[in-house]
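Have a look at these structures, which come just after this line.
In the two complexes that follow, chain A is the common piece, with chain B as its partner first and chain C second.
Entry: the complex of A and B
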């Protein structure tokens, strides 16, 4: 199986799913013109990756600055799929990064934290950007 | 919508399966329970997701409203409408339009402000700009920018009516600003500012290039062109509490506004002399600036339009009349004694 790398665009996030190190990163903005078309290959990859029998630890990092409603639906499906995998015995840790003053991102992260039963879900406040 | 609905493909699949089951004549109870559990599980999930998305969407809506509210304070009402209502990309494009342009500033403000503390200065300036801005909004002007104590406004874009209307609204706005200045002067005096501040205003009408100027990163919606320079120069030429309008502006408002006779001015940046008119007041209905005397029996028929004749010319006429009287009656005192 090969890792999945998709570069960020103005409307879509950077996808870096590394199947060798078992780190899945989603970073950036997500308001694609067609959400299902953009996320379909990502879900297909995830399905294949999670269906393997390996029981290694998986780390998922989600750092989204802005996402539209359909992306949030897809993200919830994504997390639900991770939760199912964790229920089936995989050790999954999800890190939800949010900016200090981004209440929406924090609230969204809190929702996940509450709903996901088997995934270890961490809310991580990003350090202020000093650039 | 159809494309977007595919993010719900799983949910649609579950519904379809449940519907198919209901259509069957005989249903195995075990099978029915299994389908029912799946339906319930997905319904719960969907409810949870809907709640989350609704909450986040409401928050984002609130955030957007907050941003729009703040943005509205930094740009003119008209431009705000253009930004928020214009579909597609806001491109860097310009167009030629006949506009009426307005400039004002406070005479000697630089000197006055040098003697003021920062806090007092900002309070002072903000109270002045607040009142003037309300007047700009009232007359439908597009507030182009503040430059310290100076204000630049144009009328005719984005909302275009007629050239006459733009010019009249602009001059009416200036008159109202001047009237408000009197109240402000009183207020400032009572607040302890020794020197009363006075405004100066300039108005010009003509073709300008209007639109977005700048780079793709940062744009300014503004105007450029000769009327802009002219309005600015007329403002500089004006004295305390005076409003100077260009001859073209005057052409549009002459029936509604009383002005002094025109003056030719030498303005920086203009090679030819510029004819300008000093605004006196709005002309009330039935009121004009004409002196008329008509007595045919005595052979008198006089009509003087004070908005056209310079003061010097009237003085010359009076002098001439005086001379005529003297020449007809060289020694009136002697005549009386006789």
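Entry: the complex of A and C
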């Protein structure tokens, strides 16, 4: 199978799912008008990737600055699918990135961490921007 | 009208409103409004979390107008969004027409949220996120709870009857 690369737009995140190095990155903002239209191909790819025997160990990096409430539900479904794969014996590590002064992002991360049983879910504070 | 424009602007200013848009709301506009508000609030040295809460509340409201406003011109949905600052808090106002048949259901939903404290709202959010969206919802059905969670006071709302079929639905969210 091929890696999945989708460039970021104003309201959708950058998707970089690399099936050769087994690193899945989601980065940016997520508030599309129609969440399922954007995420359906991503879920289809994930399904094929996680079902493959070649997938044994995967790292997922989630670095979302902002997501709307319907994207939050999609992220929950996404994490649930990862948890299922981890229950099936695959080694799944998820990193949730948040900025130091963004307590809402940290809280979202903590909630996902609590909801998941088999994924190793890390909360990672981002280094401050040097703009 | 021309002479009134300054009075209109001054009146908004008196109420603490620094941004106001009335008319068709589109997804493109949502992104632009969000970015501009972010820039303005960052200039005022607002904390990152507050900027994101205001941004998020504007997005949820705008997307509610796009999805649920009962005043439409072809594909476009009409409504009004205002953002202001008063008593050291930002607030977001949002309004659109709704069919009178929807009033009871909206009132029930919003009254239930008004009575919940922050922990209860968090629990409700997590519970609902695991459930399929309600049949009358186009998104995840989480928008109001999300706003209530981000607000520092219970959400205020009102229905102003326009005629036999429609009312004007307004909400105020204080961040």
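Following the convention adopted for this analysis, the second predicted complex is superposed on the first by the 130 of 131 C-alpha atoms of A that agree within 3 Å, B and C clash if a C-alpha of one lies under 4 Å from a C-alpha of the other, contacts with A are read in each partner's own complex, and residues count from 1 in each chain.
As a convention for this text, a residue touches a chain if its C-beta (ideal position, glycine included) is under 8 Å from a C-beta of that chain, and two chains touch if they have at least 3 such contacts.
What you see is a predicted model, and the numbers here were worked out from it, not measured in a lab.
**Student:** Superpose on chain A as described above, then tell me if chain B and chain C fit or clash.
**Tutor:** clash
**Student:** Is A:91 contacted by the first partner chain B, the second partner chain C, both or neither?
**Tutor:** It touches nothing on chain B or chain C.
**Student:** Between chain B (first) and chain C (second), which, if any, makes contact with A:108: first, second, both or neither?
**Tutor:** Once the two structures are laid over each other on A, A:108 reaches chain B alone.
**Student:** Between chain B (first) and chain C (second), which does A:37 come into contact with in this model arrangement: first, second, both, or neither?
**Tutor:** The first partner, chain B, only.
**Student:** Tell me the contact category for A:70 with respect to chain B and chain C: first, second, both or neither.
**Tutor:** Both partners, chain B and chain C.
**Student:** Now for A:27: first (chain B), second (chain C), both, or neither, which partner does it touch?
**Tutor:** neither
**Student:** Which segment, 22-30, 40-48, 274-282 or 328-336, is the chain B region that clashes with chain C in the superposed model?
**Tutor:** Among 22-30, 40-48, 274-282 or 328-336, the clash with chain C belongs to 40-48.
**Student:** Taking the two structures together, which residues of chain A meet both chain B and chain C?
**Tutor:** The answer is residues 35, 69-70, 72-74, 76, 103-104, 111, 115 of chain A.
**Student:** Going by the contact rule at the top, pick out the chain B residues touching chain A in the complex.
**Tutor:** The contact residues of chain B facing chain A are 3-4, 6-10, 45, 48-49, 52-53, 55-57, 59-60, 63.
**Student:** Which residues of chain C touch chain A in the complex?
**Tutor:** Touching chain A: residues 27, 30-31, 35, 47-49, 52-53, 55-56, 59-60, 63, 66, 122, 126, 129-130, 133, 139-140, 142-143, 145-146, 150 of chain C.
**Student:** Where on chain A does chain C make contact in their complex?
**Tutor:** Within the complex, chain A touches chain C at residues 10-11, 31-33, 35, 65-66, 68-70, 72-74, 76, 99, 101-105, 111, 115.
**Student:** Given the complex with chain B, which residues does chain A contribute to the contact?
**Tutor:** Interface residues on the chain A side: 34-37, 39, 69-70, 72-74, 76-77, 80, 103-104, 107-108, 111, 115.
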